[in-house]
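In this document, chain identifiers A, B and C correspond to the written order of the chains, with residue numbering beginning at 1 in each.
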Amino acid sequence: MNDSLWILTVAIIASIACALTGSTLIIRRQALTADAISHAVLPGIFFAYSISGGRNSFWLLPGAAAAGWFAAFLIQGLQSKLKLPSESATGLVFTAMFALGVVLISYYARQVDLDAECLLYGEMAYIPLEQFYLEDTPIGPKALWVLTPVVLFCIITLLPFYRYWNLISFDSIQARMLGYSPVWGHQWLMALVSWVCVAAFQAVGAILVVALMVIPAQTALLYARNLKQVWIQATLWALVSAIGGWLLAELLAAAYAASIGLVSLVALGAVFLFTMPQRNT
Amino acid sequence: MNSSLIGVAIGLVFIATLAGILSVPLLLRRQALSGDLVAHALLPGLVGAFMITGIKETSILLMGAVFTAWIALRLLAPLQKHPRIKSDGAMAVLISGAYALGVFMLSLLQKTENATQAGLDRYLLGSAAALQWQEVWWAVGIFLLIVGGILPNVSALQLWLFDPDQAKMRGINTHRLERGLEIGICLAVMMAVQFVGIVLAAALLIAPALIARPWVNSLLGLWIGAAAISAFAALTGTWISFQSAGMPTGPWIVLSLAIFCTISYACWYAKRIFFQAK
Amino acid sequence: MNLFSFNSIDFQYRQVVALTQASGVIPTGGITGIIGPNGSGKSTLLKILCGLLKPASGTIETQVLPSQMAYVAQRQTVDWDYPATVKEVVEMPLAIQTPWYKRKPQSQVESVHQALALTGLTDFADRQIQALSGGQQQRVFIARALALNLPVLLLDEPFAGVDAPTEAHLFQVLKTVAEQGKTVVMVHHDLSAIPRYFDHLIVLKNTVIANGPTAKVWNPDLLAQVFGISLFQKSNAPEELIP
């Protein structure tokens, strides 16, 4: 398959995963958690790489989940036990964890084959170059093989359980009264977000994962009437961004990931102006 | 080697201290992540300034960067006027959107001149070691500028931070104070980003006030405490990073702040339990 | 048989003592009011009764399980900008009991329809909750509890920030529901209409000051003691006094 088309495929899969997790976060007013976790997973990635001695991606997912959980747990703890404002707690935790990650990577640079810059703003053009090989035949980019199970996890654990997610996100007290623990959902969502971050890192880089998670979701939220619609519309906007951004990048020879982020932002701007209530109302 | 260490240390102390001072109003106004937003929104302006003028000089780049960063800050409020946009959504959208725009513009540059892009690159990750004395003087200058802006307005700031409505009623020009604070943050973060990189700059504007908060109750005390803590963290971080070759300075400053934060709150918690038991 | 019977309940949030040695009973049936000044532990007691909070010490005996109790929290515990229609909110607790691959049972549709009609929300069924006024939001919360059709309703300040006509209407709804045999327990935030509303009272000021049928318990001296004010002046509102 054409290199460019591999990139497009990865972009599409990544956008679906990001849209589903991002929209669930945003209706729970946890949009900044996406930003936080995307940075906080760095030490987790480091430990995964150092355990597996290099390129084995298996440890990435547990490592990412552990780091993501730890970050979310710490942020929540600082808010409830120490009464720190949520923005302060979030900012402190993710910068500290990111700093830790950078320090570890720099110090063990020889043993660990990680490029911090690549991690930060990723380069989709390299995706087709890193293929998995089955007896010397390339069977697809590594990014795709890591992303696909993650996106399936998202779809399988979010969509059929719409009523549960809706209940715990709207009214967690009511959920508890009915016997449904909001905590399970919250923890699972943190894990999903961590996995999406790490799976999409190789594809789109850190901050652009956040853009794909948050921006199409916010676009959908501007006019959606319920969570189901938010999921669907966010996915549609993410797909529009992925395809539109890919086209833009091909046209202007710009970076794929950034183009996708830019298109999503423009789409948000357009829908915002369209749905903004009139002043006189 | 020695003079570069001294230069780096001086620059970092001034920048960190300035950021520490600004972290106090941010904490009191619950806008802690404004620093993060500014850090990311600097990029499009930085690249744009270069694209338009072709000059890679600090003053030009600084103006462009501060311009887009300031616009991003000012967009927070209008965005939240939409009934379906909340503070966290607006912040996340602006942070990631501005950054995406910046990286997009940067990648457009990439096909023209590789070396140029590499030069602008350092703004992303920050590089303390590669800094010139020129940037250090800029840091000192901006520090003096902003502190010079704060000192005559201390009492007005005090009232405004404590009770903004009361301040307005007393005739204090709160708009001027807000704009001043915004510009100050943009300038401070612009300098910080060169030393510690985009992601970590936010920490310098969050942690110091947090660390001082449990121990100090007055605004002036918070300012002094935060300033002292940031300066100390800058020195500690710089010292640690120079112990081993290849160690980045910025992250060590942030880690120092994180450690101080842990110590500060652990002591506060212990004190509370101790007095509760009595 | 009393529906709830609690003994020596202690509860504190960090440094603040909410309840200390609180003991009392709530009978089955009728409308019981939990009243007291701000910070007296009313919401805390309600949450303990329905099982949301565990007391530090003390015992509670209930004749029904928490699954048989419908709890209506204070309005601000929910983000009303959440994307959902009135109908979707009211049917949420029922909908979740149906697996995603099954259709909603007709009984559930009926319950929702009735609850909406009772609270006057039928015309608002498809409106986004974001577009509702405070009083309408409160109706939605109560409709949701009613749709569950459970024997016990616990409400935390259901009339806070609600205009007088809405309050009158909603109280009528609760009275009808109580007359059908359900038990209604309500935290009430102000002093007006207490004799008219409640059959039984728990007067709380971090501990139970008074507990029993309103007719026996309610008097101006009690008010002065608990709230620290003297409400009744010589010429005022004789109909507010218990005959």
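Points to keep in mind about this one:
The definition used in the following text is that a contact is a pair of C-beta atoms (placed from the backbone, for glycine too) under 8 Å apart; a residue touches a chain by one contact, two chains touch by 3 or more.
Computed from a prediction, not measured in an experiment: that's the story for all the values here.
If each chain is drawn as a node and touching chains are joined, the picture has every node linked to every other.
The interface with the largest number of contacting C-beta pairs joins chains A-B.
Look at the CA centroids: the one farthest from the centroid of subunit A belongs to C.
The central chain here, found by comparing per-chain C-alpha centres with the mean of all protein C-alpha atoms, is A. Chain centres here are Cα means. That of subunit B falls 48 Å from that of subunit C. One simple way to say how far apart two chains are is to compare their mean CA positions; for subunit A and subunit C this gives 41 Å. Taking the mean of the C-alpha atoms as each chain's centre, subunit A and subunit B sit 25 Å apart.
Counting partner chains per residue, subunit A shows two or more touched chains at residues 29, 221.
Taken residue by residue, subunit C touches two or more other chains at 83, whereas all remaining positions touch fewer.
Under the contact definition stated at the top, the residues of subunit B that touch 2 or more other chains are 83-84, 86. Listed in rising order, the residues of subunit C touching subunit B in the complex are 15, 81, 83, 130. Subunit A contributes residues 26, 29-32, 34-35, 39, 82, 84-85, 87-88, 90-92, 95-96, 98-100, 102-103, 106-107, 109, 116-117, 120-121, 207-208, 210-211, 214-215, 218, 221-223, 252-255, 257-262, 264-265, 268, 272, 275-277 to its touches with subunit B in the complex. For subunit A in complex with subunit C, the touching residues are 27, 29, 160-164, 166-167, 169-171, 173-174, 176-180, 221, 224-227, 229-230. Considering their complex, residues 27, 30-33, 35-36, 40, 79, 81-86, 88-89, 91-93, 95-97, 99-104, 106-108, 110-111, 121, 124-125, 199-200, 202-203, 206-207, 210, 244, 246-248, 250-252, 254-255, 257-258, 261, 265, 269 of subunit B touch subunit A. For subunit B in complex with subunit C, the residues that touch the partner chain are 83-84, 86, 276.
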